[in-house]
Each structure stands twice: as structure tokens, then as C-alpha cells.
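Going in written order, the chains are labelled A, B, C and D, and every chain counts its residues from 1.
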Amino acid sequence: MLISDLPVLQVVIPLAAAPVCLLLRNPRHAWACALIASWLVLAIALMLVQRVHAVGTLSYAIGAWVAPWGIEYRIDMAGALMVLVVAIIGALVMPFARRSIEHEILEKCTGLFYTCYLLCLCGLLGMVVTGDAFNLFVFLEISSLSSYVLISLGSRRRALTAAYQYLIMGTIGATFILIGVGLLYMMTGTLNMVDLSQRLPEVANTRTIMAAFAFVTVGVSIKLALFPLHQWLPNAYTDAPSVVSAFIAATATKVGVYVLLRFFFTVFGMQFSFDAMHVGEILMLLAVAGILIASLVAVFQDNVKRMLAYSSVAQIGYIILGISMASAAGVSAGMIHLFNHAMIKGALFLAIGCIFLRLGSAELRDMHGLARHMPWTMAAFVAGGLSLIGIPLTSGFISKWYLASAALSGGYWPLVVLILASSLIGLIYMWRVVEVAYFHVPGTMMHKVREAPAVMLIPTWLLIGINLYVGMDASLITDITRQGAEILIGEALQ
Amino acid sequence: MEILIDTILLVLLMITGFSIVRMRSLLAATMLTSIYSLLSASLFVVLDAVDVALTEAAIGAGISTILLLATIALTTDREKPPQRTPMLPLIVVIITGMALIYGTLDMPHFGNPQAPVHLHVAPAYLHDTPGEIGIPNVVTSVLASYRGYDTLGELAVIFTAGAGVLTLLGYRTRGGNSMDPGIRKLLILRVIGKLFFPLILLFALYVQFHGDYGPGGGFQAGVIFATGFILYALAFGLGNAQRLIPHQLLRIMVAFGMLLYIGVGIESMLLGGKFLEYNVLADDPVSGQHLGIILIELGVGITVASVMLMIYYVFRSRQPEGDL
Amino acid sequence: METVIYILSWIFLLGGAIFLLVGAIGILRFPDFYTRLHAVSVCDTMGAGLVLAGLMLQGGFSLVTVKLLLIFYFMIFTGPTAVHALAQAALQGKLKPVVDEHEQQ
Amino acid sequence: MFIAISAVILVAIAIGLLRAFLGPTLYDRVLAANMSGTLTVLMVAVLGFMTGRPEFLDIALVYVLISFVSTIAVLRVCGTGCGASRDPEADSGEG
């Protein structure tokens, strides 16, 4: 049962753990159940990466019905990397969650919180590993619905509004994706992605397929918060419980990017997406605008979570920038940044979670002199911040380096200037936090503040550790992303 | 001639849609939504999509109307007039509509047998179902077996919705008033309710287990089950309905249905097959398929029914007065 | 015999259709809610009954006829109950019937 | 012939819809919805005969049961409580 069934177990374990969590009356038990499930998921993800590395793309026919008649799970190197990202964040967030959730959420909701968390995890993993366009939509729905609930559990009432906003935008996005998939089915008679890619070229010139492409692109772009469609993101990240901010910021948008990659390269093919539909130019324009504008907006935020949220919009811009170059180097750079940014943002939001536990606020004005009372947390925050800016020896530097070199080799030298400039802006907004926390005199309320508990610091530092490790030895991750990008582009060239 | 009926129905649908948008009274809009689903269900009937029509009838006209009403009862039935003219949404809607129309321009004509949909996967389903699955209703064989994993996903969506509503609204236990005075007056309703309650449940069982042969299956049956219990709650009061099916039991059943479905998948893996490969469940593949489909449909039915009823309980338990 | 049944079924169906139409016109033209209730009753009883009876004759002795009978059976219970509950709710909701002015005096 | 019957039913549904749009009270709309439900049941039954697929009657059966429950739900959930006794003009919907 074991080795060959890994792809499906990956998704089924959290899916099965969710109803079990619902049955457990004691919140501690529910937490334990979620913890075990997410660690199992991480173990499976590691095995999957190893297996994909060894034998190449894995395919799993669910119900033993061969694709395109049945649903296929398909994991190549890019998919394995995404699974790893989601699994790492999921596994590290859970030990962190118990204290943080006890602090931020009503006790009667705690058990249900873990149910929704597991469903969200399951949905995100399902979106990554599936090789079927409609199945992707189904898991998108699971992950979206559960993330609306997770966000709305934030301690302030505003969380409800934020979740509602996200719900409206997310539903529009999901509907667009569904319409797109429906149109694709209409013209090809199949839902399997590989099968679609083989049957699409025949009908690629029809207006129906163009409409389908537009719907899918816009729908996924809402999900991944591409620049003008990002309005839901800042509120959602700010008002959600800390754990949820960390989990969703690090995974949901990244999975969105991955889905976009899948559609552009695997389903529609590079030729159609970039040459016929000129999506590369549009994406590049939006990415540049997003990087600049969102970074600038981030500078003026007084709530650290909101600041990080705007920075996320900018960072998504970087990832999209890499993809929009439509070259192996560009896509690979985009994926490196995807991995790195997931780790960085996860770490930063977890650090903010520690601060929120002790301060009950994420406002800049409450953080005066915080570094003296929470040295480890602030150190983690600074390390994450340095990585976000892209200082050498951090993972952020690696991704910007690859991005810049991809831009240079593609002949887009102004983009290099843009990357440098926006890094400087990043420095400004990170510095605002550092200044307040390290160089300001602590307020009177500060005396009571203690360092965050070890269960919360260790996951944070583990993520920081991954960042620093990648910063020093990036060969593993660049290896994986290069393979992933080559498979994507290779599939597109066929 | 069927084209004519299609067209008339579509026009009626469009008019209904527009007037729903125009309505300021949310109750009136809800009534029109119910009519809208009735019309679209008739359209599905004309188009020969019987399973879809049954689902639309059970869900659109039944449970979603009831849940909308329960929401209105908790909030308000007047839509607030918008502060400013909603230009941006209007533009988005217009662009979307234009894109949709643009997309239809190159579509194969309605009913064209050469359309790609009819040439690739679908013929194989039609051809292989008798031999591989052995049930007459191909829709069920696709939903429950060929693409059974999607159905599991959809069930998980419903499960998520239930868990979400429970998380957000929470369940309030009510004082033990057996029957409020409002109900005592409705003698006729109670008599009819008593008469119909078992009939609806019986019919739900029929839909549940007849899904292999005709339109129906777990989703529709689950919704009809829930509707039956809601009728009971309407006629005899929420307190009595909760005595019949306590909230705790519902919670267990919600989880049980999901676990049953996943369990069938795991079991087939343990027996050496793939996830949800029903062939290995019995000695010969076809009866294995039969067994698998019946079990997973049961799981679907249980979870859907209990999620719907749970959502209804949660909504109604927040009602301030005793008038339930 | 077959022809008789056939013709009879069409008479029923047509009769039902006429009653449905009459009921529909009634719900549009009658002046207030309470009078419109009557129009709906025409649809629910005679209209539906005749159409279903016509269909039953078409179906002959089969499961179809049983189902039609079931539908008819449900309708004659649900229709009046719904209308009754509606009327009662309207009365409780203080909806005044439109009354002729002569009688008011 | 079935066509003629279903055409008549469609016309009746259209008239019912008109009443549902016009209101003026909630009860009128519920009444119209209820009547449309009945008519749809008949329509589905007739269509089943027209296309020679009598299993359509299952759907008609679902309709009868479901639309009854939802009519009752309107009256029990919202009937006397919210907005029912409102001024006819205010409830006309064309706001």
C-alpha cells in the first residue's frame, strides 16, 4: 500500500483527519490530531521529493481508472517542490498554533479551527498534486472555503469583514476558473491536463479557447493576488489569527502561482500563452507595477501585519516577474523565489504571532523597545527581514540574484534596476520596525512582556534556519527548481 | 418544438433574474429565487439532464430557499440602498458577459453530435459502464466511480461549509419548551406534517438507493432527508426536532459520512488496489463496484443530510423569540 | 376501447389546461390576496387533477400511473394546506381583505 | 398535443411570475411561487410523456414534496415576523 500510494495519501491523510478532529471534544486532542496529520504530511512530502528525484514524474490513477477517464494525480519536480513548501509550513505552524490559538480564539471554536485548518491543508495539497482541471477546482473550493472561515476567526470584529471581502473576491475567482474549465471541456471533451495539452492545439485558434484562457488567467490571478486584484489580501492577512496569517501567506498565494504555471505551461502550452495571447508582457507590466506600488504602500503602514501583507503583494510581483520572462531561467528564478518567500513570510508572520501573543497587538506604536524584552523573537524578525530585503547570505539574496541574472540574460536590464530599487524600499519598511523595536525607549507597559514560549520560537527559528541554509548553500533548491522549470518548459515545447 | 420551450424557459429565467436584481425586499427576492430554480430545473428536464434537474429541484427550490429564509429571519429583509452607483461592479459584469458571449461564438452548435464533448471521454463512459460498473445510470457511474474522487472532494466542500457555519455561528442550546404557542394554532399543518414526514423520508430512501437505476443518489437523497426533518421542525417546533435528532448526533453523523467514504478508499488500498478502486472490494469486479458505489453514496447521503440539518439548527437556534 | 380512452385522456388534458389558464388569469386579475387564493385553488385541484388524470389514462397500468397517483395524492394534501397556512399567516399579519363599500356600511 | 398543453402551462407560469413580480404583498409572491411550483410539477410530468422518459416523474414527486416544505418554511420562518404586514406600496419591489 505504501510507496506507490504516497501521492494520494498526501491529500487523504489531512482529509480523513478533519472529520476525526470534528469528533474530538477536547481541543487538545483536536490539536494533537492536526499535529500528527501535518507531520505525516511532511514525512510523505519528503519521501515524494526523494522519489520524484529518483524516478521522475509520478502518476497515480485514482480508482485505477486510467486518465483521461479517471482522475490522475501527477507530481513532477515543480509539484514536489510545492508539496514540500506547503508541508513544511503546515508542519511547523502546528506546534506553534496551540499557544497562539488558545490566546486568540474562543475555546469552543478551537476544535473546529483545527478541522478547518486540516481541510485547508488538504485543499492546497490537492490543488498541487492533481493532474485534472476539474479536480483542481474542487480542491480550490475546499481550501478557499476553509480559509474564509480561518480568517474570520480573527480576534477583532474586522476579521469578519476581511473574510467577507475575501469570500466575494475568491468566489468570483473560483467561478471564473470554473467557467474557463467548462469552456475547455466544451472544446476538447476532456479534463485531464496532459490530455488537454494534447488536444488543445487543434482548437487553439477558436474564440472559445481564448475566452477560456482569459477566464482562467483572471480567476487564478485573483486567487494569487496579482497586483490590481490584490485588494482582499491586506485585510485578510492583517485581521486573521496569527497562525492563519502565517499559514495562508506562506502557502495559499504560492499554490495560486503554481496553478497559474500549470495552466500556462502544461495546459495551454507556452506557445499559446506567451506567443499568441501575449500574457508575458501583461504579466510583466502588472508585476512591475505591483512591486513598486505595493512596496511603497508598505512603507506607510503602521500595523506590522498589514505592512507584511503589502510586502507579500510585492513579492508575488517578483515571482510573476520571473514567470513572465517565459524562459527556463526566469521560471526557475520565479520558483526559487516562490520557495524562499514562502519560508521568509512564514517566519516573519510567526515572529509577529509571538509578538501578538505577548503584546496583544501588531501595531508599530506598541513595539517601542520590544527587542530588550523579546530578543529571540526580534532577532528572528530581523533575520527574516534581511532575507526579505535580499542581503547576501540569506535566501532572499539567492532569489534576487537568480531573478536578476534571468532578467539580464533575457535582455530586460531595466528590471535589474527595479529589483535593486524595490529592495531599497524593502529596507526602509523593515528599518522602521527595527528602529522602533531596538532604538526606542520601552513604554511603561513593557515590563510585563516576556520572551515568547519555546514551542513558538522553535518553529520560527526553524524557518529562519531554512532561509539561512538556502542563503549559504542554494544548490539543493536551485537543482530542484531547475529540473522543475525544465519539465514545465519542456512540456510546453512539445 | 423543444427548442421553442427552451427559448421560452430561458426568457422567463432571464426576466426572473432581472427582477431578482431589482427587488429591494429580500423575502420577495428569495421567493423569486425559488421560482428561478423551478424554471431552471424544468429547463434541465427539457434538456434531458434528469439528474441535474432532480438536484436543482431538491437543492435550489428546497433547501437553499429554506436556508436563505432562515438567514433573513436572523438579519433583515430589506436591502440597503447602495451609497453610490456601483459602477465598477457593473463594468466587471458587462465585461464578463461580453467575454462569455465572445466565448460562445466558436462553440459547437447546440446538439451537434460531432461536438468534441461527444467524441472523446463520454462515449467511453457510455460504452464501458455496463461491462465495468454494471449499473444502468451512467451519470451515477461517472460520479461515483470514474470520477468518484471529485465527488469525495465535493463532499468535503459541503463538510467544510458545515464546519464553517458551526465555527462562525456556534450552536446554542435552547431552553426546554416543548412547543411554542404559535404552533398550537397550526393544527392542520401538524396533521399534514405528521402524514408527510415519513413519506418524505421514504422517498429520500428511494432516491438514495435508486440512484443506480434512475436519477438520484446521495446528494439529492441527503437534501430530501434534511428537508423532511426540517418539515418536522417547522410543524412541531425546533425543540421537538432536536429531541428526535440531537445536535451531538448530527455532529457525529457529519464526520461519519466523510469517514465512510474515505474508509472505502482506504479499504480498497489495503486490499491491494488503488484509492477508491472498488473492484477489489468483492470477489468479482462488478459486484465490487456495486458495493463500493452503494457505500460511498451512503456516506454522501449521511453527511449531506446531517450538514444541511445542522446548518438549519444552527441558524434557528439563534432565533431570539420562542416562535420556532 | 383504446380510442375511447385516448380521446378521454385528451379531453381531460385539455380540460385541465383550461382550468390552469383560468386559474392563472384569476391570480393576475383578482383584486386582492384573499380572492387570489381562490384562483390558485382552481389550479391546484381541478387543473392539476384533470391533467394528471389525462396522463394516467395515457400511461395505462404501470409504475408511471402509480407515480402519477402519488403526485396527485400529495397535491391534494399539500395544496390546500399551503394555501390555508398562507391565509392564516396573512390574517395574523393583519392583511385586510378588500371589502365592497356597501357591505362596510 | 403535449406541446399545446405544455405551452398552456408555460403561459400560466408566466402569468404566475408576473404576479410574483407585481406583489404587492409578500403573501401574493408566496402564493405565486406556490402556484408556479404546482405548474412546474405538471409541466415536468407532461414533458416526461412528450419525450417518452417517464422517469421524469421522480422529479415531479420531489417538487411536490419540496415546494410544499419551502412554502411552509416561508410562513413559519418569516411569515408573521419580518416585513409581512408592511404597507403594500413599500413592498412593491420597484424601489
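Basically, contacts are C-beta pairs under 8 Å (C-beta built on N, C-alpha and C of every residue); 3 or more make two chains touch, one makes a residue touch a chain.
Just so you know, these numbers come straight off a predicted model, no measurement behind them.
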Subject >> Which of C-D and B-C has more C-beta contact pairs >> reply: C-D
**OP:** Kindly work out which chain lies most centrally, taking the average of its C-alpha atoms as its position.
**Re:** B
**OP:** Look at all chain centres (mean of CA atoms) and spot the one farthest from the centre of subunit A.
**Re:** C
**OP:** Could you grab the centroid distance between subunit B and subunit C? Build each centroid from C-alpha atoms only and quote it in angstrom.
**Re:** 29
Original post:
Roughly how far is subunit C from subunit D, going centre to centre by Cα mean, in whole Å?
Top reply: 12
Original post:
With chain centres defined as C-alpha means, what is the inter-centre distance between subunit A and subunit B in Å?
Top reply: 32
**OP:** Indicate the whole-number Å distance between the mean C-alpha point of subunit B and the mean C-alpha point of subunit D.
**Re:** 19
Subject >> For subunit D, residues that touch 2 or more chains besides their own >> reply: 16, 30, 32, 58, 61, 65, 67-68, 72, 76, 80
**OP:** Name the residues of subunit C that each touch 2 or more other chains.
**Re:** 74, 78, 81, 85, 88
Subject >> Multi-partner residues of subunit A (each touching 2 or more other chains) >> reply: none
Original post:
Which chains touch which?
Top reply: A-B, B-C, B-D, C-D
**OP:** Spell out the part of subunit B that touches subunit C in their complex, as residue ranges.
**Re:** 185-186, 188-189, 192, 195-196, 199
Original post:
What residues on subunit B touch subunit A, complex-wise?
Top reply: 96, 99-100, 102-108, 115-122, 124-125, 128, 145-150, 152-154, 156-157, 159-161, 163-164, 166-168, 170, 251-252, 254-256, 258-259, 262, 265-266, 269-270, 272-279
Subject >> Contacting residues of subunit B [partner subunit D, same complex] >> reply: 1-2, 5, 8-9, 12, 15-16, 19, 22-25, 27-28, 30-32, 34-35, 38-39, 41-42, 45-46, 48, 50, 53-54, 57-58, 61-62, 65-66, 69-70, 72-73, 76-78, 81, 182, 186, 189, 196, 199-200, 203, 207, 210, 214-216, 220, 224, 227-228, 230-231, 234-235, 316, 323
**OP:** Would you tell me which residues of subunit D are touching subunit B in their complex?
**Re:** 3, 6-7, 10, 13-14, 16-17, 20-21, 23, 26, 29-30, 32-33, 36-37, 40, 43-44, 47-48, 51, 53, 55-56, 58-59, 61-63, 65-70, 72-74, 76-78, 80-83, 91, 93-95
Original post:
Hey, which residues of subunit C end up touching subunit D in the complex?
Top reply: 10, 13-14, 16-17, 20-21, 23-25, 27-28, 33, 36-37, 40, 43-44, 47-48, 51-52, 55, 58-59, 62-64, 67-68, 70-71, 74-75, 78-79, 81-83, 85-86, 88-90, 92-95
